[in-house]
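Two complexes are shown next, each including chain A; its partner changes from chain B in the first to chain C in the second.
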Partner chain A sequence: MRAVILKEIRHILRDPISLTVILVMPIAYLFIFLYSITFDIKRVPLGVVDYQNSSLSRDFLNNLTAHGCFELKAYYPDEASLMRDVSLGKIKLGLVIPQDFDERLSAGSLSYAGWFEGVEGNSTNIARGYLFSGAAGFLLGQAEKMGLAPPLDVRPRYLYNPMLRSRWFLAPGFSAIILMLVATALTALSLVREREEGKVEVLRTLPVNPYAFVAAKALPYVVIGLVDFFITIGMVSLIYRVPVKGGILSLTGFTLLFLFPALSLGLVISSIARAQREAWFLALATTLLPSIILSGFIFPVESMPMWLRIIAEAMPVRHYLIILRSVMIKGVGLAELWPHALVLGLYGIALLAIAGRRMRAWLSPG
Partner chain B sequence: MAFSRLTSAIKKEFALLLRDRRLLAPIFVIPVLQVVILSYGATLEIKRIGVGVCDMDMSSGSRRLISAMEGTGYFRVKMVSDPKQITLMLDRREAVIGIVIPHGFASGRNREVQVLVDGSNTSLGQIALYYFTGVIMSATANSLPLDDRVRVIYNPMMKSSWFMVPGVVGLVLLVFTMLLTAIAVVKEKEHGTLEQVIVSPMRPWEFVFSKTLPFVLVGMVQVSLVLTIAVLWFRIPFKGSLFTLAVFGLLMLMSTLSLGLFISVITRTQKQAMMTAYFIAPVLVILSGFMIPVENMPRPSQIVAWLNPITYFLQAMRGIFLKGWGFRELWPQAIVLFIYGTVLLSISTWLVRKRVL
Partner chain C sequence: MHALVAENLTKRFGGFTAVEGVSFRVSDGEIYALLGPNGAGKSTTIRMLTGVLKPTSGKALVAGFDVAKEPYRARERMGYMSQMFSLYRDLSVEENLMFFCGVYGSGREAVARAVERMGLAPYLKTVVRDLPLGFKQRLALAAATTHDPKVLFLDEPTSGVDPEARSEFWDLVYSLREKGTAVLITTHYMEEAHLADRIGMISSGRLVAEGRPDELLAQGLGKRFWQMRAEPLNKALALLNEKGIPAYSSGGLVFLEATDPEEPRSVLAAGGIEITEIAERKPSLEDVFVGLTK
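Entry: the complex of A and B
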């Protein structure tokens, strides 16, 4: 068993490109992605046709741009020219203020029309929310000025992440996905390589326990996974100042638990595939897109169709992401998260058993 | 002579590709999977989102509000008796937002509705809050006199899939043609069959051409597959012309095939080639505006994105799919891609001649 572990370590160290991928990839990815991707939607380009052109209509526009959500790019003389720039995407929100804006406002109603260039649905949805709440805020302010009681007052308070920084939301997601990619991709090639190189025959002649062999193959990668985890968490908390409220110790424990199914999944792929290329495609198909889309990283799993939810819940990275986010941002621990931890543990056992069985089939002659 | 030499080399590459049954399956299954997962999964609309409600008013007015919330289908309401329990529900992820309806809500004495939002999931929390505000505004008698007639064009339901699936065309072309080209050349290195190519009278461009042509066709088949499923099954609008799409596909292939050739120049084994491709692809994809638009990125990332040929291809795809654009609007993107394609292809062919052959 020790020989197998040592051999695998030597193999990792000998290949400079694998080593680069193991150590540089998490850093580069985390840096690039966390820096580039943000859901903080600011300075949405706004174009306006103001048929009223009064102090009230300008007040309304100022109110929209005051918080930095919208940035007034230009005034347009008519709707056709505004529409053209909206369709080109130069302007994201084209707002048309009607001629009787003041008149209607004094009657207590706020009215405007226009278009959102909605090609990208998410940011449009959020920007529409900004417009809506900006308009509601303006209206309430007007009502107050006129001495009317505000009709209704919805007071939101954001727990855990009061400034609503999207990095706090994205950082645990990226950490989980990167760890999943590294862990599965590395182990996916480990067993199939032996088979491609024809070493299985040699193994057959030796007294090897297939389960112990598979476990020994995975062990060096546990260390690599942990190193990658510390690198990513270190970057996330030191450079991007994302808190780890639940403590690093609890996080490390959960991560070890997650590495178990993640590495085992790679081993299962490796034991199914006949060639490295095939293992590679299988790893790609089972990790990359599913872990981005189905993990709840950005898109809520609860809103997906039932069959897809079942698949999503069946993915280890989904549970790990929930754990990571809860421990880091909410600061909760095992008391709240034990169901997810249990799922990860059971998965690990099941996947490792499958890989071991496949391995035993290889080793038995004939 | 040169022509028959070329055709036999091409025939050989096709035979190799078609023989590799276990490689053919992922080539066609993975793009389909990507479209299916994205179309069903990539949505920020909310359905059955957990909401904790603490009704301190217990009036017909507050009950009307709660049933209005349930009626929308967005929310799954769970009643609690103590406002403190709402925080606990958010801790355990049983709810995304929690609402406290104050005593005297219906009678109008207290109109201050407290909403606790799970800020650890920023986008979901904000959207849930926005939906709730909409419900409460229309459910209460003195609703806001807000006459908002802003329409969302091109993607009225604001579906992420409409934004991302046209991008899948680019993703698939990039990942597969880059990877397959790199593997095809590196395999010859690994098996030591390159010497035969070197001693044969084959010219470098002929070698590159015959190596890449099968993958041009693979790419075209993949694009057709993605297009068919996206349009017929998921009803994603395709307003432009197939001809424009095909031209852009070919322009894009010039760049992605060259990237594959670059990888084959710098790597020695299939494993290294795959690792390198695996490492590069996500960076190129993210920094092309596949997930979030380039305009929403910080300035330095934007600069990198504008240097990335895929950015221009994705712009073209979204224009063709959702806006029905043709060359009249997309000629700048076409020119950029053409320049990239020619330059990259010339350099990579030259490199292959110098370093590989």
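Entry: the complex of A and C
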């Protein structure tokens, strides 16, 4: 056992590709991913035609751009020139303030036209939300100034992510993806490599139990999984300031549990793939797609059609992601999360059983 | 008790019989060579003996333990140097030895012992990928013997190495024999088989002859062997074999067995081929082998 573990560690340390995958990839990806993927809209280029051009209309515009969501790029004399720049993509949102803006406002009604470029559905939606809430805020402020009762009064409280930062929500998902990919792919690759080089034949002449051999080869990847977990969670909490409310110990425990099905999946892949290339493809197909699209990492599983929801709920990474987010942001523990933990455990057992059955064929004499 | 016993080993792959009814015994401190051309069944036989392949019927005993029934006891007492390199190419000489010592439980001192015995000291930290072929072979031998096995299996161990490295390799094998290790080696080099204590000749999956090299050569006594030049070579061989004259070619020459040189001359003349040169020669193992299998 010890000899096999030591040998595996030496293989990893000797192989620049493994080292890159283990150390550089999570860090580099985390930076790129988290700076590029965010749902918080910033600096949407704004163009304005202001037919009123009064202090009130300028107040309204200042109010809109104050939070950095919109950036006032230019004023236009008429709609046609504004539209030209929208069609060129210079302006994503065009506002037209009518001539009777002040008049209507004093009657308690805010009136303007907003033209969105509207190509990117999701960001447009979010920008529209900002535009409405900005307008509502302005209107409420005006009503207060005039001593009127507010026409609408909603006071949301966000319990766990008070600033509604999308990074808080995305960053843990990123950890899950890296972990899943590294643990599954590297385990599969290391075993397929032994097989590809004809080492199985030698293995059958050595006085070691083949299952113990496989287990000893997989064990270093548990440690590597944990190392990557600490790297990504460390970055997520230090750089992106995502809290770990439930404590790192509890999170580590859940992560160990998640590594069980992830490594077992690697073993199943290694029993199917005949070459390292095949193992890579299988590992990517079975880890990356489900963990990005079906885990709820970006797209909410709740809004998927029923058949896809069923598939999504069947992905172990989905349950790990729920656990990660809940432990980090909400600070809950096993008492609340045991059903998800149970799913991970059952998955591990099932995958390990499949791997064991499939491996019997190449581990025992032919 | 024999160190290695092969009892009626048979292996079929579907309808194809690779090895049929092969039996032999190897004593402690004896080197036994399985000799035969590629595809004769040598590798299949050695793989059944080591437990890599399950025989269709028959059994193999290593140091008295049935390889199929008590695999771990048998494996602890055998060393296997496979045709496909058993070494890890990305690890150093020392790291490879440490792995095999660990797996066989032969302890850390065994690494130093193996390095000393096989003369690997200058390459201790070298990664196997960068090792000269001759030293790779030595390392593979070292890796297979850290636990002082009772039986050592060598599957075509010297294919591809130069004659000097081959003779150095054999010196190492002889030193293991001194210590009482039984060695089973497969080879298709006739001159290499001469170096063994006993030879089993294998052809089309069957053991066709067995004995000491001199005993096997004696089977050629009383027969006359010739070497000759005749063009085209392949047609000449085909004609001779058709008439039941044992013949093979090597290095542009035709070797054959005939009581009278006029015999092949007339056979070839009928096919329009002229013998340009012919001389009598002493029988070699190959001559005996060809005579037995034709």
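To be clear about the criterion, the second predicted complex is superposed on the first by the 334 of 366 C-alpha atoms of A that agree within 3 Å, B and C clash if a C-alpha of one lies under 4 Å from a C-alpha of the other, contacts with A are read in each partner's own complex, and residues count from 1 in each chain.
As a working rule, a contact is a pair of C-beta atoms (placed from the backbone, for glycine too) under 8 Å apart; a residue touches a chain by one contact, two chains touch by 3 or more.
None of the values given here were measured: they were computed from a predicted structure.
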item	value
Partner chain in contact with A:Asp15 - chain B first, chain C second, else both or neither	both
Which of chain B and chain C A:Trp280 touches, first, second, both or neither	first
Touched partner set for A:Val202, first chain B, second chain C, both or neither	second
Which superposed partner A:Ala3 touches (first chain B, second chain C, both, neither)	second
More chain A residues in contact [chain B versus chain C]	B
Partner chain in contact with A:Met146 - chain B first, chain C second, else both or neither	neither
Which of chain B and chain C A:Ala350 touches, first, second, both or neither	neither
Contacts of A:Pro290 with chain B and chain C, given as first, second, both or neither	first
First, second, both or neither for A:Leu131, with chain B first and chain C second	first
Shared chain A contacts, counted only where both chain B and chain C touch the same residue	15
Complex interface listing, chain A residues touching chain C	2-4, 6-7, 10-11, 14-15, 197-199, 201-202, 204-208, 365-366
Complex contacts: residues of chain C adjacent to chain A	47, 50-54, 68, 72, 75-76, 78, 80, 82, 84-86, 88-91, 95, 98-105, 127, 153
Touching residues (chain side chain A, partner chain B) in the complex	15, 17-18, 20-21, 25, 28-29, 32-33, 35-39, 41, 86-88, 93, 95, 104, 108-126, 128-129, 131-133, 135-136, 139, 149-162, 164-166, 168-169, 185, 189, 193, 274-278, 280-282, 284-285, 288-290, 293-294, 298-300, 302-305, 308, 312, 322, 325-326, 329-330, 332, 336
For the chain B and chain A complex, residues of the former touching the latter	22-23, 26, 29-30, 33-34, 37-38, 40-50, 87, 90-93, 111-127, 129-130, 132-134, 136-137, 140, 142-160, 162-163, 175, 183, 267, 270-272, 274-276, 278-279, 282-283, 286-287, 291-293, 296-298, 300-301, 305, 318, 322-323, 329
